[in-house]
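Down below is the structure, laid out as structure tokens.
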């Protein structure tokens, strides 16, 4: 385990940014944090979470897939994929790190989504342990430990210091780049930090949330539960929940006519939309209740 | 996918001089949908048209793009060509490469490049064109004329003369209108009654014409060719078909102190009355506000004296429903109220009168039997001051008067002045004017006669104040030409009051969905080219409801309106413009924005039942366009936020395809 | 603090439900947390007594819900309307979006609603309990004592700039009606207008670039009641699901604002629901401000059936090229 | 992409009854204006949807001008009055978003005003050219 003073963090960022693109949560003018590319003067946000999850690094909201060009009556297909370079996502929370596993399950099992895979391969994830979870947090219920987030490197933040521990070879590599700015240390303050977090977690309003009732074939019995009608009563059918969700991975593939050709791109889609999965025969989820469910 | 043929015209050297037509037809060959592309010297010639027809057959074309002169020149030509070749005429688009390309650009490469782009835009549009078929609707061969003044009378007579039945709706008990109140008419000085009353009789005797007097239009539905109109016939308490107009009831009626509207309140009439001797229909009417029998159930004299037994105190208002193919508005005018013109002392002195009152004072059938006597003391006036433009051309004080020129005042004032001097040479006549406007046949000659032969004092300047003092009216005025103040002791002051549309016009316009200007004059479909048609199809304008007019103009406009009506009624079916708005009922949410902007009232709302995806049904209010009424402006398409409203022939997709093609 | 108590409203709702005037009640109920109050339909006295809520967090404008609920419900619906909600209510009636006969509207006075972000800025995250009394008492897991906050200090932006405390539609009013307020709601727009075009462009790029096109603004908007939005309709030519670039971000918001121009009552729901805190209401207010200045004061929803400025005209209107000369005109 | 001499692309929406005829008259009188002006015929200026204008900018236009009959002369009586309000509102909004004012214009051109049409187009093209390429409402995908 290595550490540095909290005041030294900007130089750590500068060091990493020398060789790698570095992204981290930054406070915006509206007071909400968003991932931005680090450059001199950019400050790491204290916010618990960003509005948009870091899934966007691998699965952007819109992504060009290919391009068609026509000349006369011939059609040419152009691969628009570009080679991705290594990049660092710094400050990812435990829940968001876990979401990558779920996205991987979709995009990296056969057939592998090469667009996702290339970005995922080139990423180095630096997670950060939570210090002040919100009342809305329920990660424990899903077996996520906010005190020990996964990722290539895990970071703990105390009042005065930042602690680094690598979990993977990629992580070790990254830490070696900043070896000059950090020093080896024992893990006592980190252990203390973990304990503090765990105590807070127990106090959260949703601490007792259980997921045993779900999974396997158990969900089927709730299919006609009246709660769906009640819960969906006030649903507007917008896509906010799915777009801020770190694990929602539905997308639509569309064509855009540029005038000089056609760009085929994919973009996030939401199961809350009435147009979602519309097929020739119509739509298979007709009411907002069904979509909500 | 369309099979499009592109035909590039050289127009001799008009196009080919600046545009490489060969290059254009080559370049357009590869556009999506194009299966054939060629160029020719004169596409509009018989040979060129044959070329198009042959290509349609040979290449199974479904669409045609002609790159040629403006569509305003030859769109109709090429549409006919397409139709002759068995194509829907609306599958033709024109790329304007002459007026908007070869003629405005000088260099060949630039002209050629632009011509290609314009061609591409037309091709992009044709790719989205669909065959359009104009709608047809039957025509009810009957016309309605609203207003029975000279305008309405002339229009009705002309329409009836062509063999079509006409109904006149007149809110007064008799037809005749303002002209019936006039004495002489300018510039010929023939008597109004002598030329009007025979026409009124013609109307009464024409078996094609029905007169609904003492009646009003209550409701208008339908559209051009098919109007459904409800007419409210007010109870006149006299059976119209029984009354002989003998006048016995009028003589016996004890209620003799009712102000006589026909003489503008300058004398009285009875509660049961016939407005004037030549009234048509010549039947009596009981004024319910003044009849003792109707008010208190006491009297009943008229019923007793009526030999025909025409009196019916129990008569009720009646609603008549009738279908019409065309409606003519001839609601006429009124002089504006003089209440706001205190400076002229109209309300203080009986001897300050309006020009229309002056007409009655000089009319042989008027309150003074044609003798010019002052209303106050029935003395002969020796000094008369006429004030022109009272409330006209009043731009500075719009809340008081009207901004427009009332047009007729200069001439009737000249007439009044001249007639006064003619009959009473001992009278001094002054006319105060801003300008004297006398455009019209023999008008200026007329005015000059008033000045030169009859010695009327025309003074450029406005009257500032009229003060009644003793039996005189002190007139303070300025003479702008001599730049001095004038003080005239007048016996009579005559105000040439501005005229305004009749108050009934505004609610009528709403019923007809016909548009009006801010002065409540009806708007024409086009101020120059369609002056007697309202923008609402099937609604025509006659007389002063459209703007101030004198009698000759009114009569000629009345005839013009009649000819338009005849043209419409002569058709068995109306063929519409197929480029009309169309509402996608599935998308329409019934918000009414489109209805609010439609200048033609072509959009109505219907409750329509929809089958929902979950097999339930839902009734929704949706917009429905009447293609027979819609003129295809497209205002509704932009007012519609959901894009449910689109315009055939100029659809959103088509215009955007053109934009895309141009902006490549 | 609200002047009307929750109990008063429940009592009214129960009475109307029991005497058969209405068959259901559109009201607020507590969500997962004390501050996320959600709209709900109540059908029994029991539901009302257990779940109905009225406090400083009842922000939702119910008017739009009436479209779907009146179509669904048998009998009349009781709806509680804050003054600002009544404008949307009227506007929807102007557009014939629901059957007035099926609604029993009860107007309730409103002292303004609290903005949870402002509360969190004061007392931090981890809120476990909020009690609305004289002051708003906020308890968090990180503090022992609840923090007491004056409701006036955490008012939502739209409530600070409240345009009216007057109800423009109701069948019955609880409490006293207020007046139309001469608010400073256009100040922010004026501030932007005073900037240079470059500054404005930068401002809006910063704001709109955050848009994730979740459509929450549109879906909550009481003026956006199209059967199918042009942005969902492939035939419209502007359909898209996500903003591919800054053009599409601008396009969506320009077109949306234009489509609701003259119909927007300035209820502020768009900005409230935006997960990215984009001040969308400023676009709508810009249109309102412009149209007030160009064509005379007009408040959408102030009366049923009024003709909005964009579906109206006079022959004397100013020319599009003159809109920028406004400043000079006054001078 | 090779560097070309910058020439603004201008889309002109012209109403069928007045302005399109005015443009024809400009042609009849051989009055020059830049070839970069491309005309789209619409029945009335009130047919022009703000979506068309944004679409033109998206696809690469540098300026959009809408021409209609003079107020009071609309073939459909009131179409251009609606245009006037809609475009006043839209242009003001574009300005509010920081888009250059000179890129959009409404001009009333009658069928008799061929000279005005040409002069308007020359002037507009010049003003748009002075602004340079449309950057603020561009869609880079369309500029590849």
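Each chain carries a letter (A, B, C and D) given by its place in the written order, and its residues are counted from 1.
Just so it is clear, contacts are C-beta pairs under 8 Å (C-beta built on N, C-alpha and C of every residue); 3 or more make two chains touch, one makes a residue touch a chain.
Here the structure is a predicted model, which is why all the values come from computation and not from measurement.
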| task | Check A-B against B-D and say which one is joined by more contacting C-beta pairs. | result | B-D
| request: Please identify which chain has its centre, taken as the mean of its CA atoms, farthest from the centre of chain B. | output: A
| query | What is the distance, in whole Å, between the centres of chain A and chain B, each centre taken as the mean of its C-alpha atoms? | reply | 69
| Between chain B and chain D, centroid-to-centroid distance (C-alpha), Å | 34
| Between chain B and chain C, centroid-to-centroid distance (C-alpha), Å | 46
| remark: Rounded to the nearest Å, the gap between Cα centres of chain C and chain D is 36
| message | Can you list every residue of chain C that touches 2 or more other chains, as numbers and ranges? | response | 230, 236-237, 244, 310-312, 314-315
| Which residue numbers or ranges of chain B touch two or more of the other chains? | 597, 639, 652, 656, 660, 663-664
| request: Could you check chain D for residues that touch two or more other chains and list them? | output: 50-51, 55, 59-60, 72, 78, 82, 86, 139, 141-142
| Overall pattern in which the protein chains touch one another (line/ring/star/complete/other) | complete
| So in the complex, which bits of chain B are touching chain C? | 517-518, 586-593, 596-597, 605, 618, 621, 639, 641-644, 652-653, 656
| query | Which residues of chain D touch chain C in the complex? | reply | 50-51, 54-55, 57-58, 71-72, 78, 81-82, 84-101, 104-106, 136-141
| task | Please name which positions on chain A make contact with chain B in the complex. | result | 72-73, 257, 259-260, 282-283, 286-287
| Interfacial residue positions of chain D with respect to chain B in the complex | 9, 11, 16, 20-21, 23-28, 30-33, 35, 38-44, 46-52, 55-56, 59-61, 72-73, 75-79, 82, 86, 118, 142
| Can you list the residues on chain C that touch chain D in the complex? | 189, 192-193, 197-205, 230, 236-238, 244-245, 247-248, 250-251, 254-255, 257-258, 261, 283, 286-287, 290-291, 294-295, 309-315, 317-324
